[in-house]
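Consider the two complexes below, in which subunit A is the common component and subunit B and subunit C are the respective partners.
Up next, the complex of A and B:
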């Protein structure tokens, strides 16, 4: 198999959410055929550059995003593809560290203190990993002090905050203010969660509001192009 | 979820007539429609209640030959008599994976002979949670019968994962708690004998009531959530197909909800309410 063929197959396996040979894939027919992990192993043996691999992941996830927008894929289908990329990234991660140009930036994500919701946050974290970002997930019910501490230590390019309760929106406002007071150049703050809105983001001084995971990915792509 | 297709059963008029007239085409149609609908096993029952054992032996072997011709699915040899089953097993002669249907917890001579047959060939065996007193109305006594069967099977060397306990299904129309009795029995079997399996006939639950497909479907979905491993039913029924999809989905056995999503795409949840 030529390198191009191999990359095309790898891309297809991600679009189909076909993790490995044990997985049935989107259409239920792929069990027993090489999946993302087997093809990745082959690609690494063929000495395909990690940067080239990440580019094919990005193209694949772009196609998945289109299928989702066209309502051919549902959320679970999209997560299956994201899992493929997530697992693949774990494998090529060390090699990628060496070629820093291919990383898209670091994203710190948390659900703010007082709020125990994690489904939306987890979806965003998984999808961002899938899209090639380095993601650190602080979990749920995270105090402002911890978030600030992690920002100083991890030095993310982006911070994502989630809140699902109207009561914890106040906490979100508090966290955003503290982050902004740190005056870190280039650091962008994203917020999301059912009760939040563009209006709310504007009010509390967050840089971006994301209605859903798609919007988070789109806005992030936009921001990373500019910077 | 294993589906055992029940349509080729001589207690059905259409099958009895086909057996009497040696109508191979009618039988093979019944087999192939179950194959196409996704059955894992095709149950073959030639016990029409008349004609005697010699006739049943001959008829069951004829059914086996017809099945071998038109499907690649596994076969469930279904008879009460060990002589008939032995004869049929010898005729089949390992040409296809198969299972035995069934014994009871009475563990009389007939049941023990069938159990021996299962041990000898190392094939799955359905064992009904009833004894000489009949079907107990509660889960505790059904489980006690299962335990007796389990011990006997263990003693004779049948691997636990070849045992398919039938928790038995009694109509809701005559006893309102019977769905729960079956469900509790399924759960109890899972707890007491985690390696053993369960297989139940479905439609008796709705006997005597209207819109039976609604009850059958809801019951099957729930039974899958309680851990049911196999169902003996008409796999061509839309409500059965829907119930299996929903059961696997709710029981956490449908990774990324793919089978559900595919069923939606295929239109399984669109066409017609019945069946």
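Up next, the complex of A and C:
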């Protein structure tokens, strides 16, 4: 198989949300055929440059976005494709850094202390990876001190905080205040979760409120264009 | 296609909710038969009385000089024999064979369609309403225009039903009142207009017995080589309580002899023409239908019929029909169970209410009966689209809303469909995701393909404004703008040449 054919297959497998050979893909026919992970392995053996691979991921996710806009794909489908890209990025990440190919930016994400909910956060993390962001997920019930420590070490461009309980909104306010006190130039704080709102974001000094994962992606795209 | 080998439209399979216990069902059966054996049926039709007599019923003259009448008493054994010969499967053809309906008494598979013959056709269009306190506050709401039923309205209704995904058949639902229409030409015009504008099954009453040959000829021309004619009849031979009308009984005899499928219907009103309590009205409804079905079978054994119960309750303030109460569903569910008990495909009613404009009241009233009557396993649910103010108004906008409600009911009643293999697959899926991402998104696709994941409400709103009516009106306009699946020009020309009385509009 030529490199171009391999890249085309890889792109198709992402569009079809076909993670690996065990997965049946969007149309249910792909089980037993090489998925994103197997094709990526082949591409790396064929010495296709990481930058070229990332470009094919971008093209694939662009097609997925169009299918979503056309209502042919639902959000779960989009997420499945994003998961393919996310897993692929984890594999090629070190090689990518070695050749200085930048991603769209670094995103640190966490559910604040006292809150054990992670569905929304996981969905956002997966989609961001799929969209080409470098994501570090700190998990759930993360103390403010840990978040600050990770910000200093990881140096993200964006921080995303999630809360599902009204009781943990207070903690979110506390974390945002501490982050802002760090005065890190260019760092933008995003918040989300069922009880939060634009009014709450304004009140606690968060830069952006995102109602759902689509809004998170749209706002991030806007912010990254400006910066 | 199922094992019958007949191409047909897929119905909603349900696991029937049994409102009556087996003992109650048997008791009602026994009580209805006792009524027919001891109280008997008043029959104003000489031909029907003759048929009953020839079949072995005891028939006594009961009229006077003004009106001839007979009292008919049904020996239970005779009634049972008639019922045992009723076909348990009825096929209702359609212009497009993919819309053919297969009704099998032992399979509770449900179809939904229109019904009644409303005098009023309710047109709608959206308007904007601006707050007098704040001009930035704008709401969209329909404004309505009532008009008398007409051929044009009937054509629009048929075209709409053609487009509605969950409408399986079209009962002429608008009473045509054009000046060119008279008793003699009404039937051919009703059936021709309906069959012209929908490829789904068409059903209607027969105003004039004399029109029967022309209506059958019309259907045969349209059906061409198809094995099943695209139409059937509804006849209501009994006026409650237990009085067989001469004119309608003759229609039963004539249609049965032609072996055209026919609904034997009765519509007693609980509290006025039948007892208001469930057991009372059910006993009487059942007796009236059994008498009608027996007449069809005595006239032509094996004539295809549907058990057509349409019991309704009286309003206590006006004594008019009242559809928006629990009893409407209770009565219907009990009758569905009786039809199943006799092994006869069932015609039932749901989706009628007392509201006279589309909105919350209409939706609430309709939703209960859709869900309950379908859950009971009725094969053929009429009245399900667009009716308001009981059966007086047909609103196309309401029909579009009803279509969306029926979609939800179909999802709600979907029976669990899994076996050991599916259970094993679910365990593998849980195992894989517990060890992996913790998200089950990949499983969604497969379940969507299995059709076990429901859709959300078709007219969901964005933002604060309730946009259901706005969106439904947009769909209505889209449906009515769609190209009609018209009959071929040579068929139309042949129909006009061979069928007298057709109005060209």
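As a working rule, the second predicted complex is superposed on the first by the 213 of 227 C-alpha atoms of A that agree within 3 Å, B and C clash if a C-alpha of one lies under 4 Å from a C-alpha of the other, contacts with A are read in each partner's own complex, and residues count from 1 in each chain.
One rule holds for everything that comes next: a contact is a pair of C-beta atoms (placed from the backbone, for glycine too) under 8 Å apart; a residue touches a chain by one contact, two chains touch by 3 or more.
This structure is a prediction, so every number in the text was calculated from the model and none was measured.
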item	value
Contacts of A:80 with subunit B and subunit C, given as first, second, both or neither	both
Dominant toucher of subunit A (residue count), subunit B or subunit C	C
Subunit B versus subunit C as contact partner of A:137, first or second or both or neither	neither
Which superposed partner A:173 touches (first subunit B, second subunit C, both, neither)	neither
Touching partner for A:17 - first (subunit B), second (subunit C), both, neither	both
First, second, both or neither for A:28, with subunit B first and subunit C second	both
First, second, both or neither for A:122, with subunit B first and subunit C second	second
Intersection of the subunit A residues that touch subunit B with those that touch subunit C	17, 23-24, 26, 28, 74, 76-77, 79-80
Contacting residues of subunit C [partner subunit A, same complex]	437-439, 441-442, 444-446, 449
Subunit A - residues contacting subunit B, complex	17, 23-24, 26-28, 74, 76-77, 79-80
Residue ranges of subunit B touching subunit A (in the complex, touch as defined)	255-259, 261-262
Complex interface listing, subunit A residues touching subunit C	17, 19, 23-24, 26, 28, 74, 76-77, 79-80, 83, 118-119, 122-123, 126
